[in-house]
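For clarity, chains are labelled A, B, C and D in written order, and residue numbers in each chain start from 1.
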Amino acid sequence: MNSDTTRRFKRAYGLDEIALVPSDRTLDLDMVDISTTIAGITMKAPIFGSAMDSVISPKTAGLIGKHGAVGILNLEGVQTRYENPDEVLKKIASIGKANYVQLMQSIYQENDIQDELVIKRIKEIKEQGVPVVVSSTPQRAAHLGPLAVKAGADAFLVQSTVVSINFESKTNKNILNLADFCKSMPIPVMVGNSTTTSVTLDLMRTGVQAVFIGIGPGAACTTRGVLGIGVPMATAILDAAEARDQYKKESGKYIPIVADGGIVTSGDICKSLACGADAVMIGSPFAKAKEAPGQGFHWGMATPNALLPRGARIEVGQIASIKEILNGPSNTDDGSQNLIGAIQTALATVGAQTIQEMHHIQVVVAPSLLTEGKIYQKAQQLGMYKK
Amino acid sequence: MNSDTTRRFKRAYGLDEIALVPSDRTLDLDMVDISTTIAGITMKAPIFGSAMDSVISPKTAGLIGKHGAVGILNLEGVQTRYENPDEVLKKIASIGKANYVQLMQSIYQENDIQDELVIKRIKEIKEQGVPVVVSSTPQRAAHLGPLAVKAGADAFLVQSTVVSINFESKTNKNILNLADFCKSMPIPVMVGNSTTTSVTLDLMRTGVQAVFIGIGPGAACTTRGVLGIGVPMATAILDAAEARDQYKKESGKYIPIVADGGIVTSGDICKSLACGADAVMIGSPFAKAKEAPGQGFHWGMATPNALLPRGARIEVGQIASIKEILNGPSNTDDGSQNLIGAIQTALATVGAQTIQEMHHIQVVVAPSLLTEGKIYQKAQQLGMYKK
Amino acid sequence: MNSDTTRRFKRAYGLDEIALVPSDRTLDLDMVDISTTIAGITMKAPIFGSAMDSVISPKTAGLIGKHGAVGILNLEGVQTRYENPDEVLKKIASIGKANYVQLMQSIYQENDIQDELVIKRIKEIKEQGVPVVVSSTPQRAAHLGPLAVKAGADAFLVQSTVVSINFESKTNKNILNLADFCKSMPIPVMVGNSTTTSVTLDLMRTGVQAVFIGIGPGAACTTRGVLGIGVPMATAILDAAEARDQYKKESGKYIPIVADGGIVTSGDICKSLACGADAVMIGSPFAKAKEAPGQGFHWGMATPNALLPRGARIEVGQIASIKEILNGPSNTDDGSQNLIGAIQTALATVGAQTIQEMHHIQVVVAPSLLTEGKIYQKAQQLGMYKK
Amino acid sequence: MNSDTTRRFKRAYGLDEIALVPSDRTLDLDMVDISTTIAGITMKAPIFGSAMDSVISPKTAGLIGKHGAVGILNLEGVQTRYENPDEVLKKIASIGKANYVQLMQSIYQENDIQDELVIKRIKEIKEQGVPVVVSSTPQRAAHLGPLAVKAGADAFLVQSTVVSINFESKTNKNILNLADFCKSMPIPVMVGNSTTTSVTLDLMRTGVQAVFIGIGPGAACTTRGVLGIGVPMATAILDAAEARDQYKKESGKYIPIVADGGIVTSGDICKSLACGADAVMIGSPFAKAKEAPGQGFHWGMATPNALLPRGARIEVGQIASIKEILNGPSNTDDGSQNLIGAIQTALATVGAQTIQEMHHIQVVVAPSLLTEGKIYQKAQQLGMYKK
């Protein structure tokens, strides 16, 4: 074993491995304020709904917006390819596992994105009186960005598996220049996904108004198995927060960071905030809503890639309404409902008045590993073993 | 990865992750004394029964008291809300999982706490000739405390998810001042739950006679999933013990600490003592008693919260009498029976004459993780796989 | 989190968590010598059979001896309590789980140890021309020791859950003085079980000829769950080896150490030797023999304790003959057969000519944890999931 | 616990425990070049097919070669012992588990290697216009090496469980002198398997053109259970890479290293490259091919050892064609298909243009341990639990 082991192999932590420690004070719920402002949009709660076909339709964007969070519509999914996306979504939800990947590939190959539908969907959200945030890949941003502005979007997210400002290509002369794009856009631009301090810093310097953090750990993402790439979320957020603080010092501007991927329970959201996130983006918690376009299923947006599909479809069920998921009352105790109430309670319990104060709460590494005792207990609960 | 990772992310240990190392001497059982005095109450064994509806009724408080431990009655549970709590308890034990949370919420909303029942239950315990310890939340302590004194209670536990002496509120002017409350009460006051050195120290300085330690890890508690909050018990006890020792230095007073949460087996109790606990409070081990009010089920007291239920109901079965659970003889080898005999044997084996000496026994971090070999062996024992 | 955490909580390693690293040379099998001499007995292979009712009868002691290892007969088990132990053993093997502990307790209470049977069993082993090693608890050693000598035993093992030379008692004036006992015995005395450097050193200074190392991790032992006590074996061996080396320096005498507990596969034996063991004592691998007295079952010797039973009974099956288990040929690849061939191959592979050289082979901490991938693979092998 | 613990027990990491971190730049796929040259053979992709009976036949060597990788034919397996190996392979694939080891032993004992078949198989590969690489054990290398040259092989791999240049034997005077063998062979010689820096360095100094790295962790290898030997692959590669870099400094020659064992998914391949491998050798991914000689099964080459069988047979299924496994399109998202596309995508994503640049990509230790949440999610996907 050599010294190089230490240099090359640094330990990184996932949200599953950490927990929050109460501080020296406790607050009443009336002392707590969990609102946040991201890219000019003031949100009652620090939660975005993921720009995924199984999560955000114009309808769920409206409902999520009404209940204090913001759903982001993916401008490259089925909503902008199909006049009647519900039929397509029903097909995806009902197909057998064996034919799933092929169906997804054909759905995306058959219909390209239609400008009229882009405009239509944005207006459908706008009409519900909530903020409109939409997303595209870097490849399509130059085209979809102005279209979104025209249709009335409030902010634009450029999202890619990995974004860095140094993108090199031999043949592709049409690379998005992020700094130019930000300047050209009359609405705030957000960008993702970064996992390191230095990339986050680079991105902030281009003029974006928020950086999304995370790669690989999402419930509907198999990037780590296919590519070997992944940075556990707790460490990724902590590193990005360092970039944000450094950029604040050098520029005076506070560019918020949004944790994106692998955030499943209200506990995960609370931990993300304590690691330094200004907000989170969540997919599977909303995919479980009765109103979710996925109709009880959740899948990743990487699937359509014809040559190298990533992103599995998982059955998540339909557990409650979007209202109940965000504001309760909860009829379960697994952290899947009343997300906003849980965040408020967590801040009150550990003694943080705002998300800013939450950034300084003590975190411990405390893996909830499966020990023999736990598997027994769990198995008994599940009725697997007889007593 | 940055240096901040180390500063913010400290490793904390659970009881599952540690084990005790024998010292250089061994004792005969006749050399060992496991009695302890907490808040003026001398206990044959360092064990409290948790103030939970599924664990402590006047009947089980009496039985636990007779066999060497002390059961704490929750003054805000079904016992003080219902004239005939057995009917309500039977309902809870027999309801299906889907309707459990709603039933619990309705049970608590229908009947408020009745002063006559508070007095009646305390007297029912008192008549059995055992120490009477009762508990309430901080919100109700000012009312229930004097009532408990009047009825003859010997000690009073103020218990909350998290207690700190710095509780801030905008609207709530009725905050419990713990120091004033301690002075006003003619019986010893105990308080919980703390997880850190500084909060424990703060609490001791208010005049309480014992501090309960722990949050999150309990068998019937899902705080970590919902709120992200939790401090593994071994570390929490060690940190609180440091506060106790420091307070002893500064004040000359020894304020005992009681480990509360996630303690399931006699082995867990022994490890808690070695980490520095003066006693433990246990729920699920007593919930398994034939006489337990939970009738084979165990549930957390956080459930009734209408908006954000925490605390699952688990089926724990009815394994033995309270006498057998505390004093044996045991008919199993899983650490669930003859708790007192096990504690005595552990002290003798590692060479500690008293609980004070137990505080200095060497501990090793030795996770009993599920390895492939263990899962095989376990699966074979359970008859899951054919040979 | 405080500095005390580091001082009190040291990391300890189990055999499951380590692996051996090949050195700079490789040997042909003809270069390797795995013989060892423990307490005057030269063994072809460094393996003792555990002094347990399910493992060693006079018959299996003979077979194990003939094939290169040494079985140790427990002088306090069923063999010396029953004229016809096979009937009793059949009962134990066939009883239902619910009645097991009670049966064991009654078997031990009904018949005490009979001197004639002690002598008879020793002679039955002696007649087979193999070394006779027998064991007792410290309580019975003063009586059984001379009896064993008279019957012709070659070495005597005093075995207890924990032995230290500082045993204190109020009422028991009959404590075994190990130094006096060693002097009084004309045959070598071995002692167990120690887990630390200092206890091992203390024991060596009493004049014993070998020290057995280990507590808690055995397959048929639940000490950790019941008492919280346990030292993972790899660390325990390493620490004891340090005592042995130190005692060699101070006295010139080399007192071997025998790893005892939790050693299941030939790989475990090889790792024990690399950690510093001069030999191992194994139970479950022999309990799986067709000739084993346990008849397909294995149980701990701590069970009979009426008040606090420890040690579960597990079904281990009957996989092969003792000859095949020790010398092969093996018909499986799970490390349960041809133990001697495996040890020889391991030494050859890593380049150690003798067990002494094996003590210096590089060890890595490399937990074979259950990762998602492994559980899939394993589940597929077991036919649990369909493809 | 003593200081020796630290000295003897170094932490080593497996591929399961690490993940790759994107760098500061991203590349288009057209910027990435994953070709490599090993032992004079230029490969489109850095992948060898393992020299195992269940993986490489002349037919699959041809297919693998045509699609950008190189299959290595084992000259000591069934292909060179049986005129019609397909019959034998069918028997192996269809036999029950209980009789598997015995069948394997008899298959190898019945027929020895036939020179004519060695020549015939090599020519069968050669005729398909792909590079021919063959392997043997050190024992047979002196005989099979010249035969392979005569038949037209392009490179020769001497493969053993462990190879070191210091092989000592009492009786065996016929030890392969690797330096002499390399000089005598007109084609490049490669050697395996090494796990440490110093052995790798020794081997490079003999004149070999590539060193294979790894022992124990392979899917069809039970070396760790039987012998206790094993070095987790990520650490083994890192250590070997250090040897390669050091040898380059001292000799000016760059001798590539090939990671061999336990590499299952495209993610594993990408991680191996980032740890420092110049190529990988994989077995089970090709054993899953429809054309694989194992016909849905995969087994280790250590099995035939009559006395101490290692290497289990596992059912891996037949998931896709070799073309699809190497070049896609993939119909799954588990990293088992389109290996070449995945490697290219990974390099592009983390910003490495070549395998040389991949050697410097940041790696994090981030175990994908089974946490409670994950086991739930997984179990739900598998339909094990009802919702």
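In this text, a contact is a pair of C-beta atoms (placed from the backbone, for glycine too) under 8 Å apart; a residue touches a chain by one contact, two chains touch by 3 or more.
As the structure is a computational prediction, the values presented were derived from the model and not from experiment.
Engineer: Over half shared numbers or under half: where do the identical copies chain A and chain D land at their interface, same or different?
Structural biologist: Mostly different residues form this interface, as fewer than half of the numbers used are common to both chains.
Engineer: Which angle of rotation, from 0 to 180°, maps the CA atoms of chain A onto the equivalent atoms of chain B, to the nearest 5?
Structural biologist: To bring chain A onto chain B, one rotates by 90 degrees.
Engineer: Whole-Å distance, chain C centre to chain D centre, using C-alpha means?
Structural biologist: Computed from C-alpha means, the inter-chain centre distance equals 38 Å.
Engineer: Two-or-more-chain contact residues of chain B, please, as numbers and ranges.
Structural biologist: Residues 1, 10-13, 235, 265, 364, 368-370, 374 of chain B touch two or more partner chains.
Engineer: Quick one: in the complex, what on chain A touches chain B?
Structural biologist: 10-13, 18-28, 30-31, 197, 234-235, 238-239, 242, 265-271, 274-275, 328-335, 338, 341-342, 345-346, 349-351, 362-366, 368-375, 377, 380-381, 385, 387
Engineer: Which residues of chain C touch chain B in the complex?
Structural biologist: Interface residues on chain C, with respect to chain B: 1-2, 4-5, 8-14, 16, 101-102, 161-164, 166-172, 195-196, 198-199, 202, 215-216, 219, 222, 224-232, 235, 264-265, 303, 306-312, 314-315, 317, 367-370, 374, 378, 382.
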